[in-house]
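You will see two complexes here that share subunit A, one where it goes with subunit B and one where it goes with subunit C.
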Partner chain A sequence: MTANKRSMTLLLPALVLYLITFTAPLVVLLVLSFGRFDKSITTLGFHLDGYIKFFEPTYLRVFFDTFFISLYITFFCLILSFPVAILMRRVQPFMKNIILFCVISPLLTSIIVRNSAWMLVLGNQGIINQFADYIGLNDVLRDMGLISRFAGLPLMNNVFGVVLGTVHVYLPFMVLPIYASLSAINPSIEESARNLGASSMQLFRNITWPLSLPGVIAGCTLVFILSMGLYVTPVIMGGNKVVTIPMIITGLVRDRYNWPTASAFSVMLLITILFTVYISRLLQRSVKV
Partner chain B sequence: MSKLTFENVSRYYGETCAVADLNLSVNDGEFLTLLGPSGCGKTTSLRMVSGFVEPTSGRIFIGDTDITGVLPEKRSIGLVFQNYALFPHMTVGENVTFGLKMAKVGKAEQQTRLKEALKLVQLEGLVERMPRELSGGQQQRVALARSLILRPNVLLLDEPFGALDKQLRDYMRAELRALQIELGITTIFVTHDQDEAMSMSDRICIMNHGHVNQIGTPEEVYRTPANKFIAEFMGQSNILPASVVKSGGKTVTIQVAGATLEIDAPSHMDSKQPEVLIRPERISLQPPKGTGAKAKVIDKQYFGSLIEYTVESQDGSTLSVTAATNKSNHEPSEGDMVMLDIDASAVFVLPQREAENQS
Partner chain C sequence: MSDKLAGRNISRRKVLQTSLVAGSALATPYFFMRSAKADPKQLNIYNWDGNLGDFYVEHWHKPFEEAFDVKLNVIKLAGSRAPLEKVQAQINAKRPESDFLPLHPDQYIYAQRNNLLMEVGPDMVPEMNNLYSSFVTPHGPRLVLWCYGLAYNTELVKPAPTSWRALWDEQYAGRVAINEALKDQTLQMVNLAWKGKAQPVDAETFSHLDKLKPNLVSLWTSGSQAEQLFRNGEIVMTPFWNGRVTKLRGEGLPLEFVAPKEGFMVRASLYGVAKHAKNPELMAQWLDFILKPEQQLKLVEIFGYGSPSKLVKYTPEQAKAVVVADPEVVKLAINEDFQTILDKSGDWNDMWTAWKSS
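On to the complex of A and B.
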């Protein structure tokens, strides 16, 4: 046995864990997804009931809602991250680390705590609405009939709240890959472009942006995939107004014990994610960097 | 018209002085090399011309136009980086026409000028290649073509041969110089390699610690260095203590390494114990006959076309001597006694005061 092969045994503990906690449940999931749920009894077999249910308009709509919410989240993460990544590349290492810490900080906070904090900020009695009440903005809006008489600015219990709460925590997954891509650009390449007459805008459009695309694609893929699995944030920030596929899946399992349908939905989600990864690979390859 | 002038240009980084009071004119069509060890201010000077660094004080002119404070993209100065800095996501053609595209030059003209530029650097037929598919030498030419296509007033080259292997470097050196003469473009070349500087330049400007030490033709700086630093930096040197035996009139008699030589009186002899520079190739080793200065060969290295000897003279000083390997030359072996034959016309008395300033 070569030293290299022997080193592979170091993988063993992780491999065993992986088999038990990931591969095995996945197999179970696949088997269950083809089962049938009738009168609270699950029978295995090869039935497409769950998959057919997925394409019912109600559920299909939830799927597309989830899909578009994920797109919004990805889009806003991208818009917010790019300037941060550019800034991180320009400042001194000390400042860079401070920015990095701020970007990662949401990940260091419990998701419940983070969402509760957002409720204190965005809710009807939250800081923003209290301020809007104080300066009279809400009264104006109420008079114009834009918001209802007892409500404040609709900052949560809607898609906006969910997107905001999620963008907040997924930002690092976008900032870091973009920053990595940007750091890989040799500064002399950008200086060259300036030297050849490129204005700041031309420089960004022709050099910086195309060269950062690998990071942009990686970040978007990551954030999109994570967003497709959103559960806690829409539950707290969506206030029953926003429903995502993971919420449906949870409901099916927890309230109705309908494992086959839940499994089929999970498999569909998995397929969407695999498809996203495939598209992402195609895009990465088409980028000439 | 495209004469480049530095007028009292200084650049400080906080308290640190990168370039101190630089006054320098590069004539139209001249190839001038900024030479010096790393940290001497040569790259900072170049970056001030390209506009990526602004002088702390002083002004830079192209012709009569003051370009100090002008944005880098508005200067029309060609710049070739050490790592070429090609755009990795663009083809050779896109790289070369980049500047024209930025200037919104018409497609048809872009293509004509692209053809011209690629012909100039002998890269026809590689238009569709990506930079990563090119060799180092080819990448260098793309970088050159990309700058030249814009017909810049001044061309700046920042150690452009640093990343090439030796053979290619020698070849590109000759080719670049030929191209520069053909185009008659004012060029500043930055390097720390004195061979490169000597073989290519019209004039060399030697910098150290942010100061210009000497500006002159390659021959001037090699033969009559302004100080000890330059003497040592430009090629191999023997810097030896000498003593004046007799002075007066047009000649001086000095004693150096056991030899007594009558040399032309230098204008700057201000010491009875000057240091003199004798290049290794201006000493020849003869069989130990007669009354000349004797020395012992303590090392001999064979380099094919020449041999490098290290000899110890009777007064204890160590000298290096290089001799061409040809039949007529006496070729002593290690340990042999020899007689030093020093070419008196090649003895250069180092200016004393400036030498002290440098140390």
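On to the complex of A and C.
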């Protein structure tokens, strides 16, 4: 018996907690997902009603909407995070800490406060629209029939608002893994490439980007998985008009008390996330540096 | 450290022992909670969020605590509905977190079907004898008469609307919101506007909602969210509850409430007692206290929500605010079929989701 195996004993309390608070509810969820909800009464058994409903065109559409919104968020997080991570690697520690603080600061605020603050910026009466009114831009757009009499620039209550509000807060989950990967690159490799005449573009394409891929994959996986669970931001920043699967699940439980269908939808969401993790692992193996 | 560890062996018995100890430690609070007897001087009670919740605390909870030397432990509700999905699980486990269950009419039917309520009659709550008979149920009183009509900004919406169809007016595109907190009210509202009757909800209902889409800035999910939309100037008009309008007018907002000519909705919530409640007697005492005319009048004065008590008399101003005091307006109130609302909610929800995501 090795020391490592013995040290595993330390994990036991956490393991028990995990079993009680995670595994057990998951089993309940799975059992309920095969239940049936009829005339306000839930019965257990082996029914596929909830799963069949998930594959109805309406809900499949919502699923793919959620999927693509998550992809948009992941994409924009990636293109915004990469330059930040490169900058963090290059600057002095003091400056790096300031950037790091700025990046993680959205996580220090409540999601409601954060989204409400965005409303003050992006709303019909928000700062941007007031400025657009002031310079006459909104009047021009109204004359052209692009926006209505009272409305301003459509900056929220749509997918754009949801993506912006989410990217803002999920940036740290992308910046930090990429920064970790970039920090692991031996500077002498880049110096050698430069000495051999590589341009900045060639350096990025052939060295920085490939060597940062483990961080990119980890960041993308994290952000994508988190985005698949979006609820509050679509309600506030999407004006509740952008629908995601977690919103459907919440509605099923909160308004209709339909646990079996909500559980089936949750299981499907879980399967999607597990599949994402599996793909991520395959990619990680293929780019092993 | 690792050397020390290396000297010890880990056996299956040790693993089981450690798991047992950890499991017992985690489960201890549960057994304490089960065995703990209810304090007869304490009442766990749900309360609304926002201004209405503040009103309850200030005008109904504190005076009750002082008058009866008891303590009310408030559990704040998120949104406009009691979390029946959670409550049901708690009642099945014989441990409801709140003795008080405020239920919307459709929730009341659900609660009856699933046996979630105690029977509460005038023997427990004597003030129920002073209520109009339609507000007395076997499970307690129905109170807080809330009307669902059209709220609008009097400075920006001219002429004053008299019909639900004003929401579809294209001059208000991008400045109108509808209620998703209670979808059934929205769907019936659309039907009233275009079919002249609340039911049935069908493809035609949603075709009218399609036409409303360009006007919509938001689908609000709680009364406080709709209030905020008015305060921020994001919307000029929405179907809303009269009490919230009275409150916003009190804040100085130029708002008015109108009962549209096609018909409007008047509802009252059941104030029930959860089955297996810890202190049903104290709960009944609280219900009796809030049903007294002086307590009911406070709700009328501040929120404009009507009272089911025969003993409550309104001033002309209060009568206007409560809406239902005017017999001519009451004629416009529709009879809602809550059995259908509950049983069709699944289908309506599917259609609603399809509409929203289209």
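One rule holds for everything that comes next: the second predicted complex is superposed on the first by the 279 of 289 C-alpha atoms of A that agree within 3 Å, B and C clash if a C-alpha of one lies under 4 Å from a C-alpha of the other, contacts with A are read in each partner's own complex, and residues count from 1 in each chain.
Everything below uses one rule, namely that contacts are C-beta pairs under 8 Å (C-beta built on N, C-alpha and C of every residue); 3 or more make two chains touch, one makes a residue touch a chain.
Here the structure is a predicted model, which is why all the values come from computation and not from measurement.
The superposition on subunit A brings subunit B alongside subunit C with room for both.
In the superposed model, A:171 makes contact with neither subunit B nor subunit C. Touch counts on subunit A: comparing subunit C and subunit B, the chain ahead is C.
Of the two partner chains placed around the shared chain by superposition, neither subunit B nor subunit C is touched by A:220. In the overlay built on the shared chain, the residue A:211 is in contact with subunit B alone; subunit C does not reach it. Rounded to the nearest 10, the angle at the Cα centre of subunit A between the centres of subunit B and subunit C is 150 degrees. When the two complexes are overlaid on their common chain A, residue A:151 makes contact with subunit C while staying clear of subunit B.
Judged by the touch definition given at the top, the superposed model places A:255 against subunit C, while subunit B stays out of reach. Here subunit B and subunit C sit at a least CA-CA distance of 31 Å once the structures share a frame through chain A. Taken together, the two complexes place no residue of subunit A in contact with both subunit B and subunit C.
Put simply, subunit A touches subunit B in their complex at residues 186, 188-189, 191-199, 202, 206-207, 210-211, 287-289.
Subunit C contributes residues 2-3, 5-6, 8-10, 14-15, 18-19, 22-23, 26, 79, 81, 83-85, 88, 109-110, 113-114, 156, 170-175, 177, 180, 183, 214, 216-221, 232-234, 236, 342-343, 345-346, 349-350, 353-354, 356-357 to its touches with subunit A in the complex.
Of all the residues in subunit B, the ones that touch subunit A in their complex are 50, 52, 71-79, 81-83, 85-90, 98-99, 101-103, 130, 146-147, 150.
Against subunit C, the residues of subunit A that register as touching in their complex are 1-3, 5-9, 12-13, 15-17, 20, 37, 39-41, 53, 56-59, 61-62, 65, 119-120, 123-125, 147-152, 154, 157, 235, 239-241, 243, 248, 251-259.
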